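Common to both upcoming complexes is chain A, partnered first by chain B, then by chain C.
Moving on to the complex of A and B:
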């Protein structure tokens, strides 16, 4: 199992979502993609997109206004 | 029980409200705005007035500018910031947004990632500001309030804004991915 982290801190929507989409294509089923974000609307659209495509998603609030969206590719 | 675990705190302050709740509240408050101030809700026109006041503060004069030539515009400028409903409302939006993000413990000063972001933000801001004034309205005054007033112009604005958004998205993917 591989873990890939993409740094989207300081990036506004929809950049984190497009970066997550591209990064998810590159990894294998069962791998984890961790998207670091600090734009609250990415906290909505990144998990929404991942869940709609059937992946497992967890959101962790790592600091004030900073989150990690953990996506397990299914 | 800690505040963070309180379900009403979570529901009202921490988590984002559903889009539908936001839509209903915006509709109600734009009616209140229209009824109390006599003008439909607008945002960007106020910034032109703020610019005029700043220019006057450093000794300039906009008396002969076509944009400010109507008696209504002159009355707003003479009345000052505290007598302008639009200015008070914009300040309310800024401080309300600050309160909302502080109450949710989500305030963060974000770092600037690249020089590209500065250039894009400044260029985009100039285009939006210029476009909004030349069109006599932004996506609030011309689009939202236009459609709410059953004016055809709001729909025309929406149609062309859609194409602007398509071009903007292409540029975004080209330069920021």
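Moving on to the complex of A and C:
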């Protein structure tokens, strides 16, 4: 099982979501995709999109105003 | 399956709304390692409210989001950790409780349930397409955007009718869909009279939502008359649904006491029927659901958690020793005769402290330790052998009877 991290720091919506969508296509079921973000709008739409598609989602606050959205492909 | 990472905390709070964050602030300030698990955004339901004018301390009013951000900062100040994910499973029995997310298992001495609830929806066709795009649940939040427009309100309870009246201050017309026969509403009589007298309100009796129509945004709510089966399309800007509230308690079913409506039952100390598990805020069976009431719940549970953990530690290290038999005297310090007996026990302690150990438990402040011993009436003495309660003596407590029991 592998882990892929994409850096979306400094990027506003919808860029993180599009990047996440593309990256998720490339990985296998069971793999983890970690999306690093610092725009709070992405904190809403990235997890919402991932959950809607049935994936497992967890958000970790790395620093003040900086998060990692962890998505497990299902 | 990926191996789940196990982490230990003193307190795990499920839900990061007003109640959960307040509980965490109290626990964190008491130097308990505290984790909040929130499935969506920190702040909970209060963040949906644009203006909170009745939360004390903010005479100019405050936005729900702004207020919750302050709660968040305060919790962080006391080193509360936040994890944004949903809880999949809990194990609540026993000393160490488990809270499972998709990647982690959190072990905790205390679990505080602050999972709140969500508005009930009609389940009508195409409803999902318009949630947040014309279907709303909070008049306070969305009223101003409907100035001069037509809105539909679903429901006839206190919330529906009172919010409906509020909406007439902005909207041109408020159409209320009510499931009952003409003249019957679920709300209080005062609200009902005010609504019926309000010229901007129009009532569709015996109706439910059949389906929703629109393109990107909602355009039309199509009601159905239950008696005539007739479809009644109503063009509107927003449809407000006020048909109740569903507590988020699915994962706790069968594990703790829950009312038939799904709310968690607690006593006034926010304790559920499972030791070390508390419930606070909107998820709890209670009279009023406001930020102010959530804060009170949270404070109570936070302090309760601290006491419970301190007692657990004292219980293991001082009361239930294994090396020699013990005498645990349980008494109420405000009763004179029980204080007298205390001095008897203390005299005995001087003579026998090498053979037995003695603990004195005052129930005046907290009954926690007494409950753990299984002592329900006072005064009483629990005789402890091999780290377990051997017997409980409630009558004729004397040096002789205790020595006999200790043999």
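Just so it is clear, the second predicted complex is superposed on the first by the 74 of 74 C-alpha atoms of A that agree within 3 Å, B and C clash if a C-alpha of one lies under 4 Å from a C-alpha of the other, contacts with A are read in each partner's own complex, and residues count from 1 in each chain.
In the analysis below, a residue touches a chain if its C-beta (ideal position, glycine included) is under 8 Å from a C-beta of that chain, and two chains touch if they have at least 3 such contacts.
All of these numbers come straight from a predicted model, not from anything done at the bench.
Enquirer: Look at A:6 in the shared chain and tell me whether it touches chain B only, chain C only, both, or neither; answer first, second, both or neither.
Expert: In the superposition, A:6 touches no partner, neither chain B nor chain C.
Enquirer: For A:34, using the defined touch cut-off, is the partner it touches chain B, chain C, both, or neither? Pick first, second, both or neither.
Expert: neither
Enquirer: What is the contact status of A:14 with respect to chain B (first) and chain C (second): first, second, both, or neither?
Expert: After superposing on A, A:14 lies in contact with chain B but is clear of chain C.
Enquirer: Just chain B (first), just chain C (second), both, or neither: which does A:57 touch?
Expert: Second partner only.
Enquirer: State whether A:65 touches chain B only (first), chain C only (second), both chains, or neither.
Expert: Only chain B is touched by A:65; chain C is not.
Enquirer: Scan A:44 for contacts with chain B and chain C and give back first, second, both or neither.
Expert: both
Enquirer: Would you sort A:23 into first (chain B), second (chain C), both or neither based on which partner it touches?
Expert: The answer is neither, since A:23 touches no partner chain.
Enquirer: Which chain A residues are contacted by chain C in one complex and by chain B in the other?
Expert: The answer is residues 43-44 of chain A.
Enquirer: For a test of understanding, state which residues of chain C touch chain A in their complex under the given definition.
Expert: 2, 40-41, 82-86, 101-103
Enquirer: Once bound in the complex, which stretches of chain B touch chain A?
Expert: Going through chain B, the ones touching chain A are 16, 101, 105-108, 110-113, 117, 169, 172-173, 176-177.
Enquirer: Which of the residues in chain A come into contact with chain C in the complex?
Expert: Per the stated touch rule, the residues are 1, 30, 43-44, 47, 56-61, 67, 70, 72.
Enquirer: Going by the contact rule at the top, pick out the chain A residues touching chain B in the complex.
Expert: Touching chain B: residues 9-11, 14-15, 18-19, 22, 38-40, 43-44, 63-66 of chain A.
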